[in-house]
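I'd like to ask some things about the structure below.
Chain nomenclature is as follows: A, B, C, D and E, assigned in order of appearance, with residue numbering initiated at 1 for each chain independently.
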Amino acid sequence: MATQHSRSAARIMMAPAVILLLGWMLVPLTMTLWFSFRQYLPLRGGDLGGVGFENYVRFVTSSAFWPSVQATLVIVGGVLFITIIFGVLLSLLLDQPFWGQGVVRILVIAPFFVMPTVSALVWKNMFMDPVNGLFAHLWKFFGAEPVSWLSEASLFSIVLIVSWQWLPFATLILLTAIQSLDSEQLEAAEMDGASALSRFGYIILPHLSRAITVVLLIQTIFLLSIFAEIFVTTQGSFGTRTLTYLIYQRVLESQNVGLGSAGGIYAVILANIVAIFLMRIVGKNLDA
Amino acid sequence: MARAVTTRRKALTTIAAWSVGLLIFFPILWTVLTSFKTEAQAISDPPVFLFFDWTLENYSVVQERSNYMRFLWNSIIIAGGSTILGIIIAVPAAWSMAFVPSKRTKDILLWMLSTKMLPAVGVLYPMYLIFINLGLLDTRFGLTIVLMLVNLPIIVWMLYTYFREIPGEILEAARMDGATLKEEILYVLTPMAIPGIASTVLLNVILAWNEAFWTLNLTAAKAAPLTAFIASYSSPEGLFYAKLSAASTMAIAPILIMGWFSQKQLVRGLTFGAVK
Amino acid sequence: MGRITLDKVQKKFGDVEVIPPLDLTIEDGEFVVFVGPSGCGKSTLLRLIAGLEDVSSGEIRIDGTDATDLPPAKRGLAMVFQSYALYPHMSVRKNIAFPLKMAGLDEAERNKRVERAADVLNLTDYLDRRPGQLSGGQRQRVAIGRAIVREPAAFLFDEPLSNLDAALRVGMRLEISELHERLKTTMIYVTHDQVEAMTMADKIVVLRAGHIEQVGSPLELYHSPRNLFVAGFIGSPKMNFIEGAEAKKHEAQTIGIRPEHITVGDGPWEGRVGVSEHLGSDTFFHVHDTGLAETITIRAPGEVSYKAGDTIRLAPQEDKIVRFDGNGLRIA
Amino acid sequence: MGRITLDKVQKKFGDVEVIPPLDLTIEDGEFVVFVGPSGCGKSTLLRLIAGLEDVSSGEIRIDGTDATDLPPAKRGLAMVFQSYALYPHMSVRKNIAFPLKMAGLDEAERNKRVERAADVLNLTDYLDRRPGQLSGGQRQRVAIGRAIVREPAAFLFDEPLSNLDAALRVGMRLEISELHERLKTTMIYVTHDQVEAMTMADKIVVLRAGHIEQVGSPLELYHSPRNLFVAGFIGSPKMNFIEGAEAKKHEAQTIGIRPEHITVGDGPWEGRVGVSEHLGSDTFFHVHDTGLAETITIRAPGEVSYKAGDTIRLAPQEDKIVRFDGNGLRIA
Amino acid sequence: AELTIATVNNGDMIRMQGLTDDFTEKTGHTVEWVTLEENVLRQRVTQDIAAQGGQFDIMTIGMYETPIWAAQDWLVALDDLPESYDADDILPAMRAGLSHDGTLYAAPFYGESSMVMYRTDLLEAAGMEMPEEPTWSDIEAAAEAMTDKDNEIYGVCLRGKAGWGENMAFITTVANSFGARWFDENWTPQLDSEAWSEAVNFYNSLLENYGPPGASTNGFNENLALFQQGKCGMWIDATVAASFVTNPSDSTVADSVGFALAPNKEGVEKRANWLWAWALAIPAGTQQEEAAKEFINWATSKEYLALVAEKEGWANVPPGSRTSLYENENYKEVPFADMTLRSINAADPNNPTVEAVPYVGIQYVAIPEWAGIGTSAGQEFSAMVAGQQSPEEALSKAQTMVADEMEAAGY
């Protein structure tokens, strides 16, 4: 496959994608880096001069910073946890023979197509509203005090909404993975005397590890930057201010571009820490 | 494993699977149902499920208020355009990675993916300035480019995983048969990878369709897609569940229907090389 | 112990009867091979015995007790799969120990048994590798190891060698035969390769479309095939079949003569040499235009050499000619 | 025309020299087979000739002109891949026509040529099917068809039969041989199956670790192997090698004798029968405890039968004994 | 020419969209509407104006933005509108709030203050009456009397949703009416003052005891929906809400709503009413300045009011912008007209608090940092209403945060 000719062709064909992405990454990022060292306040006339690392210091020392990192990690972690656990269970269920598999699959996949904005609006208003929401009706029906989900259990609610959107994705990937398991392996385990639970633990789960890694990677990429769900539901209140949202507030609400840019650089660093960490696992798992 | 599954067990599984399926689908179903209610029925206590006076009023209200077709058309153009553009750029790149791998291939791939982790808000301001200078604000072209760039890493990765499964021998055969590189990709690789390309296209149309940050921030009137349409409904005054439901239904229906029709393709391809 | 009896065992998939009711007894310690063309039901039969498929009707007895409804693990049988079905994420040691772990043995005991099995199978050096790091033959042995440690009443093999290359296949064939010599455990072995069947079996069961065509020792099948199907299936290169006048002479519808039973030189038949295949030890000539059949294949010693197009005369060994009637059954 | 000359051709992957500088000439019209153990560089050599890999140094000439830097398509060679590499999305017709289309032929001409090739290969009825709807043998033929239509200077085959089952393999082997008879085009054929090599080749090139061990006709290799490696590689079952006192007697470091050249009965050697393999036509005995080598394999006629443990006497045919010196080279 | 107009998705604006044809007919200009939810709108237009994006020819902005943007020369002055426009007809309070250095920079589309809306039927049933100028004690007493949680009737609905334009607008007016202020004359934050503590504690206990569940996520729209469903005894909010709660097609309690001035604390002369206008402004640098002016001339004119009155009835006319409207005989029949005007007139953006302050704005502080400060503080108070922290904690966090922000902004 590898003649000199094809190698140089490969380099040329890779170039557009690499150059575009490099530009996409570098140009705005460089500008962000530049802003982050400036006192840049558009509402006060724009660039008011360099301030060294002041923005950086201010951003981390602000009382909102660590809680926002924590909220980010809780949301990402929570959604990953829920989607993977339920994704595995659901894919096991859907892998069994039953009537109407096609239809159920259509039902399960549907949330994936829903815009984040729409799903957040629907959940917030029609389900989680403490007076008119369906949950409130349900709670009242069982004689319980309705919960104001978005304030009393804000992080949980957001995790729930986001999980609902991503569960189909996890389930589908895991289901395909389960279906790709060589049935002879399960039979061998059965011959070896493994119970259904042992077969799950010793055969199916290890087989799924690769798929789980992929779910982990892709979802993390998307979850680190969730925005619409928070913007629509809590606007960052009740401890749901993620790093992304905090930066948004700095840049757009306070119109402090310098400070926000410093936050952006921190987010890039956080993303890269997570990325390196993920790539380690994924790289290893994808090789095997 | 192919032992006779008892009917009893199958029935139980059926019940369980349908229950879970309906539970997951319920929010969407409820939204669609609510969109046909009057506002009063939408908040009635106890909630009415099916037995209400079905009305199309909400849809006409929504349509009156905003030109749905224009938003829809923009969504189609932007989602479709960015995907097609992405595919055109990604196919050669994925070909290179899959068939002429080098020591750096994997690093490049992971680097590409990592660009997706950059927080969009962090670079919004610079992007806005760039767009102003290039005159791309509120143009479908500009948005198409941005969404293409946003999703390019995913496209490359997906195509790469499909291409890797295509035996290199077939491309070599084409080469022996006298095909040039272009012909090799056009006549042999692409047709063979159609299922993979199809699911890549689908996934990216969905991602682009639902992208709500750039589409909202870089458009005004002319290029605004459905995400902007829904942004004007997030809280109209007074009772609004039914109207919100109608607008939501209109925003998600096209992609939902497309997704359902092509779900086999999508599911088959949604594996990112996770399954081998 | 490992006497397996199938009593009117029948298997349907939906409406398709893959195995029509069938009786078969496998004696303790026997090496029985199921052969037959692809899709004839060999694997299905094996899986019925293993308990991986339910019988549609009939009874399976193992050592006299009814096992028809026992789950696979309870039947005391071990199976080696065509794909080996090794657990890719476990080391060789863990793979082999898996059935023991499932049986609840403690670790010390497990290790002891695993090491004994590894010793028998020459796997000691590979115990800590993953299956992905092993060659085909080694994987094969791990699969056997996993079967051995359970000390089963019988081993079931489903085309265990079909994924190996020719040279390795010969080696593994010998290893399995030797293992059987040593353990004297009942073995049921599925293959569609008749060389394997011939060289390994105590008893061959020839299947066609779920029916048993013949049961017998390899040489019985070679010398006294019950019908045309068995005659054609057993022996390589294939038996030559001749119909028409020549068959009439022997008062048969069809006569069969194996390539190794035709000598070149003076004889009643004449033909033109087509392709000849020199193996060194032997040469196979494909002879055309004999007026008997399209091609007559003969086996000659390695030294014999003809060019394509040469005309040669052939002499069948009259006593080796097999006769078949109109129904394809051998006339004794 | 199809004379291919390799002149000091060398191939490195990174720092690993897979093919050390090597000379080889393939004459026009020859059927040359590359054999050798897995990983010895057969495929690499073939791909160098095809132009799918760059040579690290040296020169490849086709019909006298330097082809070293020509792209694959320009070399006028056609290749049949192990996996057949058919285009799954094209009909058989389109598959076969693809090289013609790439060469810019018009449709009428393409169809004419495709139909001619299909005729030769008995594919006419399948022209409108997709490869996925064909059996292994048919796919094989389509792959050959795609090679034929280009009327190449030479055909390159890389283990084209290794994906087929045993029975089909024999059939296809014959077909390819017949094709060569008919077309008389140069063919280079890679296999690791020595039966294929022996039966098909005009000339066999035995490779080991990128080195050419011997080049010669099948019978030359069988009768006069240049060294221990070739002697062991060619012939099935393998030649028996004996060292020590017995070899000394023949003034050699090692002597070799093929299983078919040892007769059972009265003779100088004695041993205990181990596994015996009954093929019907022949029986192979693996004899232990001869004091000569761990196992001596012998081939006896099908009728001969001993039980495991029997003691038998063996007589080697003295004139067939091959002698090797300390370096493993045959002593002429 | 084609005008691109960014606007908020409230009823009056939507109604204007429906009437655009009239404008096109008269002038030949066409209009592209970008209708966005309030928060999204603010973000979009601020972003666009700050970066000089030039995406819009007209922006819908509020009283808060106008003076700040005008100071940056980002807006086109509206001092050359034709005579017929009658700029002097604009209510003086509105005009003051939308001007910078005495020049009008945004034309009010409608204006509002806040007032008390209450259920006359419930109050009657409780045997009470609402004075036209209630104090906070009156409010508390009425709330207690009307609350009937078993029947899902909550005495008072107030804004709890975080946001400078949501809960902070209301809380700031409460604070004003308790005699508190955001900053002293040296821009030192005053959230640690006694008055603030009193105000916030009062607000919190009112919601805690008599408010609906989930009050911490209720904004204008949520409360409106609750009130229309008959679930609120009282609601203190924007005067524009009056037309919605009295509209029988949307409201179940349309004919039993009473109005009163926003309350004050006994002895404090400032009432808790705010002043706000959604106004149309033209960003400097637009290519369509002339056409944009024509549009503003049309949309905020007396004729427009008449047009709406003709098509939709007087109750649906955008209120609060013009004196002439309140002098109109037909409009005087609208039940809330008078109270709206009184509320608006009671507000004085240039003099919002008891003690002197260095800023203008009643329910906001007209400095660029306010949006950030207000929203962050709003989140603390929202968390307080959700029961996640005490008023004291909320105040002290807000105080620290505001001090930080002010320092960062260089005060």
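Simple rule for what comes next: contacts are C-beta pairs under 8 Å (C-beta built on N, C-alpha and C of every residue); 3 or more make two chains touch, one makes a residue touch a chain.
Which chain is which protein? Per UniProt: A, B = Carbohydrate ABC transporter permease; C, D = ABC transporter ATP-binding protein.
Predicted, not measured: the structure shown is a model, and the values here were computed from it.
A.B. asks: If you tally the C-beta contacts, which comes out ahead, A-C or A-B?
C.D. replies: The comparison resolves to A-B.
A.B. asks: Among the chains, which has its CA centre at the largest distance from chain C's?
C.D. replies: Centroid comparison gives E as the farthest chain from chain C.
A.B. asks: Indicate the whole-number Å distance between the mean C-alpha point of chain C and the mean C-alpha point of chain E.
C.D. replies: For chain C versus chain E, the centre distance works out to 89 Å.
A.B. asks: Can you give the whole-Å distance between the Cα centres of chain C and chain D?
C.D. replies: Inter-chain centre distance comes to 26 Å.
A.B. asks: Cα centroid separation between chain B and chain E, in whole Å?
C.D. replies: The answer is 39 Å.
A.B. asks: Could you list the positions in chain B whose residues touch two or more of the other chains?
C.D. replies: Residues 1-2, 43, 124-125, 129, 172, 231, 233-234, 240 of chain B touch two or more partner chains.
A.B. asks: For chain A, write out the residues touching at least two other chains, lowest number first.
C.D. replies: 1-2, 132, 187, 190, 252
A.B. asks: Taking each residue of chain C in turn, which ones touch at least two of the other chains?
C.D. replies: Residue numbers touching two or more other chains: 52.
A.B. asks: Taking the touch rule as given, give the residues of chain E at its contact with chain A in the complex, in rising order.
C.D. replies: 39, 43, 46-47, 50-51, 68, 72, 152, 161-163, 212-217, 222, 225-226, 229, 231, 368-369, 371-373, 375-376, 378-379, 382-383, 385-388, 397, 400-401, 404-405, 408-410
A.B. asks: Touching chain C in the complex: which residues of chain D?
C.D. replies: 38, 162, 165-166, 170, 173-174, 177-178, 181, 192-193, 195, 198-199, 218-219, 221-223, 234-237, 258-260, 274-275, 277-282, 284, 286, 299, 302, 305, 308
A.B. asks: Quick one: which bits of chain C touch chain A in the complex? Just the residue numbers, please.
C.D. replies: Residues 50, 52, 71-73, 77-79, 81-83, 85-90, 98-99, 102-103, 132, 146, 150.
A.B. asks: Hey, which residues of chain A end up touching chain B in the complex?
C.D. replies: Those residues of chain A that touch chain B are 1-2, 6-7, 9-11, 13-14, 16-18, 20-21, 24-25, 27-29, 31-32, 35, 90, 93-94, 96-101, 103-119, 121-123, 125-127, 132, 134, 137, 141, 164, 167-169, 172-173, 175-177, 180, 183, 186-187, 190, 210-211, 213-215, 217-218, 220-221, 224-225, 227-228, 232, 243-244, 247-248, 251-252, 257, 260-261, 263-265, 267-268, 271-272, 274-275, 279, 282-283, 286.
A.B. asks: So in the complex, the part of chain B that touches chain D is made up of which residues?
C.D. replies: Touch residues, chain B against chain D: 167, 169-170, 172-179, 183, 187-188, 191-192, 194.
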